[in-house]
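Before anything else, here is the set of structures, which you'll find just below.
Paired with chain B in one complex and with chain C in the other, chain A is shared by the two complexes that follow.
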Partner chain A sequence: MSETYVSKEKLPGIVEQLMGTHRVFGPILKGQYHQFALLEESADLDLAFRNTRLSPKALFHPHSERMFEFTLEKGNPDAGILKEVPKDYRSRIVLGIRPCDAYAFKLDDRNFITDQFKDPWWVQRRESTTLVGLACNDPCSTCFCTSAGSGPFDTSSLDVLLVDLGEGYLLQAVTHKGEQLMGDLAGGESVPEHCTEQAAALKQSAEAQLGIQFNLDPVKQKSMVELFDAPFWEDVQFSCINCGTCTFLCPTCWCFDIQDEVYQSRGERIRIWDSCMFPLFTLHGAGHNPRDQKLKRVRQRFMHKLKYYPDKYADGIACVGCGRCVQHCPVNIDIRQVARLMAESCVCPV
Partner chain B sequence: MNNPYLPYPVKIDSVVTETEDRNLKTFKLVFLNPDDEAGFNYTPGQFAELSIAGLGEIPIGIATSPTEKGYIMFTVNKVGKVTNHLHNMQAGEIMGVRGPLGNWYPWDVLEGKNVVIIGGGFAFTTLRSSIVYMLDSANRSRFGDITVVYGARSPGLLLYKEELAAWEQRDDINMHITVDGTDDPNWKYNIGFVPAITKEKAPSSENAYAIVCGPPIMIKFTLPVLTDLGFPAERIITSLEMRMKCGIGICGRCNIGTEYVCKDGPVFTLEQLSRLPNEY
Partner chain C sequence: MRAYTEKIREAAKRLLSEDRVDVVIGFRKGTVALMNEPFLVKSLDQVDRLYWDGNCGINLANYLPKRPDRVAIVAKGCDSRNIVVHLLENQIKREQLYILGAPCHGMIDRRRILAALDGKEPLQVEEANGTIKLIGRDFEETLERSSCLQDNCAICIHRNPVVYDELLGDLVAEQENVDRYSDVRRVEAMSSEQRWQYFDDLIAPCIRCYACRNACPLCYCPTCFVDESRPQWVGKSIDRTDTRTFHFLRAYHVAGRCTDCGACERACPVGIKVRRFTKKLEKDIKELYGYEVGLSTDERPPLDTYRPGDPEPFFK
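Right, the complex of A and B next:
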């Protein structure tokens, strides 16, 4: 696959070029935190960021999505019949996404795209998007992508990888889509000597910095029921306040609710992010609640990520190691510790 | 692109109050577009999302059998926002149906077998579908003996009373209708809880499968009876209920272990459930 080089002073020009043909989304500093948003001008793009506070999942699975609209007008022959709403699927580029966050979309694809049912909004946004990732030269202390099946230079879910080499960026095409995008770019330079080697060295040093922080192989050997009944959940859940921050920030937490909203005689069916941390998530109409206690909800989240998902798809875990939940948990629950407990703790009665 | 979240528009054809407490009504629905009806190919045991614009959706078992053409039927218990509204709707009104959803009772496996159906209360809907399906003249010869134990708290709480009476008259189905108790001197069927009546009637487990649907307490006490009768866990089939939204295995809500109840279920054997976390 081809490579090209863009010096930092030429980047705004390249971004503007892309903005002429695509809708370009990138990290923008909003208040204290970075966030992925549509670029109004190239100067908004800020690639000098660690990562965004919210994961970029909203680009494909918005926090609230209008699914259908309807009228309730008396006498209208269409009253009560749901209609699809127009969506903007013009081609777009997500610029500067971290490799772990892009990998999350691949894990989520397995949920949104199955042989039997395809989520139309997810599929069409995925198809119309080119992912241009930014390699992590300097991971955070809360990062653990290398333990979660991804890595700081992971190209498995990207179309193009950008590597920050100080004075400029090395662009490596990964897919045919990425190759095409780079082919259309004017302003790229031939790759200066030693740049490829420099990028390889950065990759090696970032990976070494991350190390392997847990090994979930033993979890595969244990049965769901055995882990479910393990005593350590009591300790894990002790400090949790079920605030749902972890699920909100997580790039692989895709659960959603569907609600109808009505204003006068018009209404919409919308879907909104939901969280397994909330008791209402599983409350039956008749009053029964299978996950009526905090322990059960905390256990559900970790078990889904680290045991149910891997067992269901026989590959991967539903976590990419971005570390957002570790950074922002108000009571310092660390999924790495939970993973180690699940892998190492002896659940047999001593 | 086909949108699996979009309900088919249907018209309410009739509404029947099933029980004396007036908490259960049966809605007969007719598709507005003939193409939608042709696309709605279901098998007994499946469910659908009933949709009311402005209120939301509810997952309800399909009570008709695919052998009954021209309409679909749902028996709905009045418990929440959508069901309360639905109970006030009238024949002629428009609503939506999305489905069919979920898996079904394993009819290919049940072929040539004796089938024991055990139901309690208002969980009899997909069991009605199953009985009608098996009794259809084109299907009856595919199955061995059919035994039904169906109970409710009182005679007035039984669903589909006319059909129950008609099935009682047939000689190709063994009906055991029961109530927990009654002061009706003319009550001509059994009195006793479903587990006790199952034990008393002792349907043979030889070459047989049991389908059990009912309130958790009924299931809890019926399972040991079936085990004593010799039914192994692989031949005891049940249908789970969970809070659901999408119904197509995407929204994550009804997840138990590796399974989504809405897509991988709701029908499971007891043997399958023994390998899943007990969280339903």
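Right, the complex of A and C next:
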């Protein structure tokens, strides 16, 4: 696949070119933290960010999404008929997404694109988006992508990879879509000597810095029931306050609730982020709640990510190691620690 | 404040081995810099994991409601005042508690430090002589501790615990001549349109995760009004009206009960200054009833009692 080099002073021009043909989303510092948002000006793009506070999942799966509209007007022949709310599927680029966050979309695809059901909004947004990732030269201490099936230079879910080489960026096309995007760009230079080697060295040092922080092989071998009943959940759950922070910030937490909101004779069907940390998440209509205790909810989150999902799909864990939950859990519950506990509690045959 | 660590361990050992309590609630050292984790000690072999430093801002009183057992708990000034509120509201009994009072020097605001470091990541933190030394992979920086406190701690006037069974250290001098309400007055001085805008901007980033509510020791209702589903009271999306309703109602539910411990702000993942709501009500309660919450178990909060002479200038 092709490679191009863009010096840093030329980047704004390149971004403007892209903005001429696409809607470009990128990390923007808004208030106290970065978030992915539509670029109004190329200068808003801040590629010197660590990562965004919220994951970019909202670009594909918004917190509150209007799915359908309806009227309940008496006599109106359309009364009670759901009409899809039009959405913007013009082509767009997500520029500067971290490789782990892009990899998360692949995991989310499992939920939104199945043999049986295809979520039309997810699918169309995925199709209309080109992912231009930014490699992590200097991962945070809370990152553990290399232990979660991804990595700081993981291209598995990107169309183009950008590598920051100090004076400029190396652009590497990964997919056909990426190749096309790069082919249309004017202003790229041929790759100066040693740049490819420099990028490879950066990759190696970033990976070394991350290391492997836990090994979940024993968890694969263990029975689900044994893990489910493990005594350590009691200790893990104590400090949890069952806020939704970990799940709302997580790029791979896809759960949602669907509600109808009606005002006078008009209504909307909306889809809203939900969280397995909330008691209401599992409250049955009849009043029974199968996850009526904090322990059960905490266990669910970790078992889903580290046991149920891997067992069901045999394709790694449902976590990409972005570290958001580690950084922002208000009581410092650390999924890496829980992963180790799950692996360690294995009783080895003597 | 690290010195408390040894005292806490010693007390925990003693209380557990003498069978004075069943469990001890304190902190264990966090897995990331500037964080510690609330920790429940059930047996002697766990005692040495108890830990204390300036990153114990979480309000431990949050873990008390409806506990059936005998609990020793480490309590800063604010935690102890929330314990008083729990006692008044029958969430726990005084006989169940053994309070290890922690005279407090103010707790560190992790986000403020991370913002000051502008992307550099501290891996190791040392507190000494009124400074905080932050050590990262390729930097070392020392900050004045007083400039790194949580907003609420900077204006705290009750750093000493108000109820305790033993103290972990000498009482500290309380801060004097503190202007607790300069920010509230700024908002009060606005026109109603400006104020509307101000609060709308304040809560614009809210993602309705409820970390603020769940971190709060006062929010122990079995079903919060936002979780009521039969019928549902409040919409769940990030529609402005619903988000406003959540914030306004929550603020009123804690009026006259909020100790300004700052747990809500500390927990909010998007950094919303949630106390902008609660402090106005704290000020009103003080002005209307001369009441400061959590200082005594003898006086009930003004909004759950009635006296014929109660002021009512808000009835128009």
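By definition in this document, the second predicted complex is superposed on the first by the 345 of 350 C-alpha atoms of A that agree within 3 Å, B and C clash if a C-alpha of one lies under 4 Å from a C-alpha of the other, contacts with A are read in each partner's own complex, and residues count from 1 in each chain.
Rule of thumb we're sticking to: contacts are C-beta pairs under 8 Å (C-beta built on N, C-alpha and C of every residue); 3 or more make two chains touch, one makes a residue touch a chain.
Computed from a prediction, not measured in an experiment: that's the story for all the values here.
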item	value
Partners on chain A (chain B, chain C) - clash or fit	fit
Touched partner set for A:267, first chain B, second chain C, both or neither	first
Apex chain A: angle to the C-alpha centres of chain B and chain C, given in degrees as a multiple of 10	90
Which superposed partner A:304 touches (first chain B, second chain C, both, neither)	first
First (chain B), second (chain C), both or neither touched by A:169	neither
Partner chain(s) touched by A:36 [first = chain B, second = chain C, both, neither]	neither
A:214 touches, of chain B and chain C: first, second, both or neither?	neither
Touched partner set for A:283, first chain B, second chain C, both or neither	both
Touched partner set for A:144, first chain B, second chain C, both or neither	neither
First (chain B), second (chain C), both or neither touched by A:63	second
Touching partner for A:257 - first (chain B), second (chain C), both, neither	both
Least Cα gap, in Å, left between chain B and chain C after the two complexes are fitted on chain A	6
Residues of chain A contacting chain B in one complex and chain C in the other	257, 259, 283
Touch list for chain A against partner chain C, complex	31-33, 48-50, 53-54, 63-64, 140-142, 235, 238-239, 241-245, 248-249, 257, 259, 261, 270, 272-273, 275, 278-280, 283, 326-328, 330-334, 336-337
Of all residues in chain B, those that touch chain A in their complex	1-7, 9, 51-58, 77, 79-80, 83, 93-96, 216, 241-243, 245-246, 248-253, 255, 257-258, 263, 275-280
Chain A-facing residues of chain C, complex	30-33, 35-40, 58, 62-63, 111, 115, 119, 121, 123, 205, 207-211, 213-215, 227, 229, 232, 235-239, 266-267, 269-271
Contact set on chain A toward chain B in their complex	67-68, 70, 72, 79-82, 84, 111-112, 114, 116-120, 123-124, 223-225, 228, 254-260, 262, 267, 269, 271, 274, 276, 281-288, 290-291, 296, 300, 303-304, 308, 311-312
